[in-house]
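Attaching a single structure in structure tokens format; questions to follow.
First chain written, first letter: the chains are A, B, C and D, and each begins at residue 1.
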């Protein structure tokens, strides 16, 4: 145990004060337990097959796909801030960058991990690379996400190598220095990849001609959802970073970034969210009046089934779209931290709802005239697997915050409570 | 994936998709490779140690980056932005000319006026045969006392200033001592000898960057003050009472203290 | 010339006995579902569904709709979405082929299929002790974790081709290739044939006034036609038909 | 030199990088995915030559023609036979999984006594003892087979009684037999010539009679048409699958068939819709209407519709005399398109012996449905291929399963033409399994062997010079050169079919209108083909399609 204490101290950068080892361990313990449970659930799925879940032939995609889409949308803040900082030279966002990289890494690695459990034959996953069907949105997603995960790891490496012990190795330190100089390239690649896979995730459902609730027209090979997803992702990405940072600040009881950074993220989020809502509304109108009827599906039919009524559509556009946009744009509210955060939360909620509608409601709705509305409740294995991913995220972020310079070298001691 | 793999089509979509993919992969790989290659070349051209030092220096708290002339009281306030390397400091000559306004009072540790001091708590003495002897200064000596083990460089190996010259272990703490100058190891001493290395300096010999005279007292008093602050606990030993001489073998005396931080500060680790 | 194999199913003649399902399952070595299976987790490449006119009481009418893969001929939903080309449309026959050994089990094709004619192997295939001796030779058992569906009894097509080849003929004899379900139907409700061949009975049947296809307005050109003289049954073809709407609001 | 941690790190990193350049990891990746394509625990189908055999299905008394694909001595597929005169290639859904039944978890393979394992020797000894003490009874589920005559011979010799358990189809014909003296087995329905068929709850499209025979008739002449050539009127409380597909569905209360029949009869008689007079039912139309839950007009309309296009025949779900009486009234007896008498007697008619008060032992053949309740005090020797669950017998004796015994298949009860087929034992009999006939022969070697009886019957058919033999190509019986050849043909899966019935030949007299709804005896069973056990495949398929509930699993 003393060794652990010593090790812990030695890993924390000099002059940076973090909570006591014990406190940190107590903070981590429940998350580690949750992670263990998640790993157990995933192991069950690997060993016995997907009959462990409550998915079925009609509800072929379940909770996992929904949460993957959600997580990746939230992870969009990473590539976007990287893009802003390195390509558009918005230097004042730099302080948030390292934290953003960690968030992105968590979201993407988590999503990929869940996907591996979700497929029936994980050992054949590489077939997608070997015999790719380039017409499939899923191929695009798979390729981009895998590549981008590598990019994220590379972007994370410099942050990792700045750890107090690792930097003692001269070659690491120099490599970190050299790699850091090349990060703009990675940021560019990351932006390119993210642009495509965020879009393809939207396309995933937009191309489903057989599911008129999700099917959309578009340009060239891409349905409108392709572009809506990109827009919505970069709109809430910064919001999510705000939320994460704010959470870290409350937990550590310390100002980690300047309010100006918050405001900047907020305004970017707000403007993009506004644009997204406008586009979304337009798209919905086109779909309701042209696309869906043309396929022989009366739009009101979709909303005839409780609990998925019109309210869902309204909620997605107004209280969870328009409202947060205003909260984040209007100076009156944008300047107030609490209002801004509230707006960010609503915005994220809206996009999560959008992903839910597209993944779950699409499958629940009947297609054939003699079909019924379907219900599906995830099994504990599904829930546990996902909870494990959340726990994994918290653990990685806590460790990174404790041992790595996430927000520059914020020297000086923590105030009251302090974890991470 | 490749033309010879089942499922490959010579269709535009397929070609565009795959070429984009390969382009991305190549970009990522070339990024890694070039980073590695640059790192390697930095080591080949002996810039690595210098870079490491400068990266570390950048991370030091400002209080530890005070200019030697401020220590000597020649200027009221100046922070070094040259990684303590006065050899390439444009203002060195001009500032060095100013008179030192810093009476050398007793700072609690002894130091010799005919030794040159490095900020990493090593002293340098030039011998008649042109070699330079390097030892650990009394401040460090008081703290560490007798190290449990010393890992010295082999004969004829090169040392680079601010690179790690030798390592010592004490009560489970690794102490990495920075080399004061560039040179070649002629012979090695140790704790008992009172000195650690004899170096043949790389020509041309330039010791301008090492502290001397008034600077030393100013610097050491600063070090002692910091030590006091770090140990400013209720049960602080009298040895640290203002002006009192520094008690020898402090690490043995106070094993519970946060030596990790203390040593890092003393031996210029970020 | 390339064939377009398909069905014309006369719903007025279907008594819903389920012989087609049984014959299909036996032909294609479909394993019995484990006890934990639900009606939504089984394997039924051919599935007969009971439908009604949505009215209760003496005015109620019921019919039975056998549903297999529709082998869509245009923008085949499942082919486009498969990330690794495990689904392909055979140019020579128009059959939409599912290759289990290539499938990764992502189930994207299942979400894409508007007819729910695709099934996932949720369990390892297992039979009561000794029953594997009764498996149909020449049809590989699918492993757990892959998607399967009606491939129009490829084993039968294969043997028909072999027979033709042995006789030195290029075209197979239509009499030699009949999927198990069509062969099993006791009322001859399931008509199978080459929709591209004007002389084939299915051609005229498919073009009769009573013929319709499910969700034809999706534009996927399914190659399974249905036939009925009853208006309410025809109304089942499309989602936004009056019947569907009143059934919703009933 | 000294190996530092740094060296180790660099070394391992280099090793990983180097390994990636070798083919090892890639080969491994490939092999793993190949492994996933044929997991060792997945059963592989048999390979090798597949030969096709023809036979008759013995799972029920319909005896449909089946085409069996055999691989490595086991059936791997069952299909119908298009050239079969009666079924024309149709089979019931369950027949398609019949070849799996022999491996059903409930298959019986060893003798059990009072729930414990026993041996054939013990069973034999016990039965011999019982025969000594007597009286014994042998219960046959399908009278008229070669086995049946073995049973009869045995009972005659060992002062026992022969009991036949009739299917509901046969029971529906019982009243005519009572009234005319013509044995049930010789009666049948001439559906091919009927133009209106009124089914009183008989599942005519759902396994009634020979699968395929009526369904095909219906699909050719009735299906979907607004004014079909053949009208099917289904009288049933619920919208059964027959009702769903019928031309008209008349919704009535449960168990009021007799009242409705009476009501109809009243209208027919009062309004002179029928030519020959008959006894007037005691029930008034109003009463009938009240009890059936139909409006008097509805009953009147129904009777008019029935007479609209004739011949009309009424089909009862069981031996309800009221409905039989309706047929008599309608003149649907001994006329084309009605109840007819088959020409020629293929199977010797075996009369049921009177049941003695107390029976010492009762041998129940495997053809008797599991529901059959034996006489309480008797020691029961129950032959069965599959355990239907429950504690039904003192002795549970494993009988041959699907295609495991040589037996003959006499005419199906509802058929208007006599048929005769032979089911070969295509599958080797498992060790420890034997049929009731073999059991009896062991006890009394003087009993005739089934082969001999079949041989004799083939001889009779050959000498009768009637009908034709439907093998690969049908040939008239007169063209068959020898009885030997005929038997060979039948053993190869051909089926003999006699001449069509000639009208007249028997009369039914009604003294007075039968009123009681005769409750079906305990020995009758659902008309829809219900197997001793349901193939696992079928259970599952019926569960997944919303067609119908699989029959409730009979658990022990």
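One rule holds for everything that comes next: a contact is a pair of C-beta atoms (placed from the backbone, for glycine too) under 8 Å apart; a residue touches a chain by one contact, two chains touch by 3 or more.
Note that the structure is a prediction, hence the values are computed from the model and not measured.
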item	value
Most centrally placed chain - per-chain CA mean versus overall CA mean	C
Pair with more cross-chain C-beta pairs in contact, given A-B and C-D	C-D
Separation of chain A from chain B, taking each centre as the mean of its C-alpha atoms, in whole Å	42
Computed distance of Cα centres, chain C from chain B, in Å	77
Between chain C and chain D, centroid-to-centroid distance (C-alpha), Å	29
Interchain centroid distance [CA atoms averaged], chain A/chain D, Å	62
For chain C, residues contacting two or more additional chains	40, 42, 49, 84-85, 124, 143-145
Shared-contact residues (touching 2 or more other chains) in chain A	121, 124, 127, 130-133, 135, 139
Sites on chain B at which at least two other chains make contact	7
Parts of chain A lying in touch with chain D, wherever the complex brings them together	121, 123-124, 126-127, 169
Residues of chain A that touch chain B when the two form their complex	6, 9-10, 13-15, 129-135, 139-140, 143, 147, 150-151, 154, 164, 167-168, 170-171, 173-175, 177-179, 182, 185-186, 189, 192-193, 221, 409, 411
Touching residues (chain side chain D, partner chain C) in the complex	36-39, 41-48, 50, 69, 71-72, 74-80, 89-94, 96-97, 99-100, 102-105, 205-207, 211-212, 215-216, 218-219, 223-226, 239, 241-242, 244-245, 249, 251, 535-547
Interfacial residue positions of chain C with respect to chain A in the complex	34, 36, 38, 40-42, 49, 51, 65, 75, 77, 80-86, 102-108, 110-116, 118-124, 143-147, 214-220, 235-241, 243-245, 248-249
Complex contact set, residues of chain D against chain A	6, 29, 32-33, 35-36
